[in-house]
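Listed next: structures, encoded as structure tokens.
What follows is a pair of complexes built around chain A, which joins chain B in one and chain C in the other.
Now for the complex of A and B:
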């Protein structure tokens, strides 16, 4: 596998690196250590800048006006974009724009007019409502939200848990069981306006991420018309599953970015901090931690680029994406943990971004499919299909 | 389960009461003499002495007569939750939060409305 970057990729990486260093990091010096958003004026100014750079709306498909980046270049950018305090979950504070829910690109023309295009214009926000209190790792079987037909409408009842942004969303992509099939062939995806009667945001769910909460929502006799079905009846899980697979590569790349920055900080500190008559970098215990960090970083980088390159070649990349997600999320957690150890007491404080990355990287081992599910995906592929 | 309201006791906003607080991160509500909540704030990681520093600033600014506080490392999400509950109960944010720069979320809160005098 060729890990060298093309001239164009190198230029893009350097441009994003400079943007993070010159535009994002200086603003963070004045923000709360757990801040998740820029001041509106700063946000608007930087969005204008990314538009000038031609990088706004990174994940929007080219036919809808996006820059048309390949997966490898997108992953390389994600590695750079996450190298600041809020970078893991808010890379560059969203100034590169969003693409909306990926499933909207599969919508009907009418649904695109109502949901996709307003989202791309920044006029509407959507949320993705799949996980339920009954479980998130095996959503096809765990979904208990039920829909039943009543004339030309569907009536939904049930609840969803750990849903990001439901309280501020204009619409939700809701998955509900619409047949007696207990598995993936009985699930339908609905596009639901959040002001629909029966759509309730029940509570805020606090997590290790003190900058961002999730929500629990419920549907109480919520009526939606049949033209609000996204895709085909009882084929909604394929839409959800597609999203879960595609997200894994940039998700892994974001983890790696934080690890790279933590390693840079650890090296700088180890070379300057003196104890017992010499700098930390001269102690073998510290040298080994730095080396173990480097092994983890290079391992993760290799897995991410292998998955991205396979995707770009149009080859099957399910195993590689799962491996990249698992390796990057776990390795980056170890890297940040060692970097904190090298920094000693300072590493535990909010003076540095390490403690925030430490908390947020713990979530990354569960988000977008936990490590155990990634192993299950790989086992199925390696062992050949279903097995008992 | 509905959004969780703050249920700490109200205290007079005085230097003595503030000094008795631990120097920790957290959230607080400030109320006028009639019990109207005038501000919901937080003490984040940049405050020199956590909630003591933040409330000392509120006292100096004359933000209100009484306060109640809750210590938490999840101060930002708890702060937003309290803003959401207040907006649900009163239809708007407290006057001290009128310049809140970001959209506050929508919460379906069960139960009675929250008042500073509770």
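Now for the complex of A and C:
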């Protein structure tokens, strides 16, 4: 595996690094430590910049007007983009644009007009409603939201839990059981406007994450027309699998970015802070923490780049993507934890980004498939056959 | 409008450099990058060409080890082509030799305007641009904060301690640009992808007509005889506040002529 960057990748990395240092970090210094958004005029000004740079809409496929980045370059950018306080869940405060839900790219033309393109233009927001109170690790079996047919409509009843941003969304991608099949072949994906009668946001669910809180929603006799089905009936889990696996790679890379910055801070602090007559960097206990951080960082980096390179070569990368997600989220959590320890009391304060990364990295071990589920994916691939 | 911008490629200031114990010059065997001081000149050049509605920015750089990274960054920003002068004969060149070599490369291009930084971030003698002007026998304005083109002359706002001078100058001319006066653009994705395929002409000092003993250590009038640590700063003066401390502080600052 070649870990060297191409000249172009190097330049892209340097450009994003400069963007974070010159545009994002100075603005962030004036924001509340838990803020999740820039002031609107700053946001608009920076979006103009990323558009001029030709980087707006990073994750939009080329045929839909995106820049057409390969997965490796995208991951390298993600490593840079998360190196600021809000960087984990809000890399560069969204100034590089969003791509919308991966599934929308497989929608019908009409659905694309109604949901995808307005999302890409920044006019509509969607939310992803899969997890239910009955569980999210194994949604195919856990989903209890039920749909029954009534003329040319489906009527949905049930509830969803931990759905990010449902209260601010214009539409939701809702997964519901539409047949007697108890597993993945009985679930359909529906595009639902959030102003549909029967769509209720019951409450906000606060978590360790500062912004983008989760919500609980319910569907009471919610009527959805048949042309709101995304993909095929009872094939809701078959949509966009490749895109979804691919997304795990920049997701993992985002975790790594925070770890790299935390390590940089830890080294700087260890070299300057004195206790018991010498700087921290001279104590073996601290040296080992720094070294363990480096090992964690490199481990994550190698896993991420291997997954990305395989994806770019068109090879199977399911195990690699799962491993990258697991290793990066767990290793980065350890790195930030050690960096906080080296900073002592300062590490606990909101004067530094460490405490926010610490909280948000904890979620990363559960969101987008918990570590155990990533292991399950890998076990199936490694053991194969009858152990599936 | 044809603008030549001089760009120096320097060791990354974020990586602490080391001195070569023999020559006592900065080691340059690491990857060199575009000197930030020169990104302002590149931006200024690109803006002038944009405003003129035509023309191009070309780059010249003299650097060891055929280094191209810094030039590629400036090409990604939008410069059209670059000339790199690099060979082992050039090792040890002083500022005047550098100016002579750069001037020879610039001359061939017959530019309307030559832009350089006011001073580089590593060597910072701040002498190269004016010496280029002298070698080429062109007028020169230093410390420009803005340049306005009108026909075959320019009007330059030249930064001073008190404010700025307005200087009219015929073209062609050599202008040095102060750091921070424009906001260097980010290289665009397209620019980055195109940078590698833009023309980069590599020349040696011999190609430009210099004999081996006219450049490098041999051609330079300089020798670095000793390098010493900068002296530790002395302890400051502590003024105890007996109710009159402000007067002493004001007097101190007045003596320094800072207020």
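Convention: the second predicted complex is superposed on the first by the 380 of 388 C-alpha atoms of A that agree within 3 Å, B and C clash if a C-alpha of one lies under 4 Å from a C-alpha of the other, contacts with A are read in each partner's own complex, and residues count from 1 in each chain.
The definition used in the following text is that a residue touches a chain if its C-beta (ideal position, glycine included) is under 8 Å from a C-beta of that chain, and two chains touch if they have at least 3 such contacts.
Fair warning: this is a prediction, and the values are worked out from it, not measured in the lab.
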| item | value |
| --- | --- |
| Three-chain arrangement built on chain A, chain B and chain C clash or fit | fit |
| Partner chain(s) touched by A:202 [first = chain B, second = chain C, both, neither] | first |
| First, second, both or neither for A:168, with chain B first and chain C second | first |
| Touching partner for A:157 - first (chain B), second (chain C), both, neither | neither |
| Partner chain(s) touched by A:37 [first = chain B, second = chain C, both, neither] | first |
| First (chain B), second (chain C), both or neither touched by A:11 | second |
| Which superposed partner A:210 touches (first chain B, second chain C, both, neither) | first |
| Comparison of chain B and chain C by chain A residues contacted | B |
| Superposed arrangement (fit on chain A Cα atoms) - minimum chain B/chain C Cα distance in Å | 27 |
| Chain B/chain C common contact set on chain A | none |
| For the chain A and chain C complex, residues of the former touching the latter | 7-8, 10-12, 14-15, 18-19, 49, 52-55, 67 |
| Interfacial residue positions of chain B with respect to chain A in the complex | 1-4, 44-46, 73-78, 80-81, 84, 101-103, 105-108 |
| Interface residues, chain A side, partner chain B - complex | 32-37, 39-40, 167-168, 194, 200-204, 206-207, 209-213, 215-216, 350 |
| Of chain C, residues touching chain A in the complex | 69, 72-73, 76, 185-190, 192-193, 195-196 |
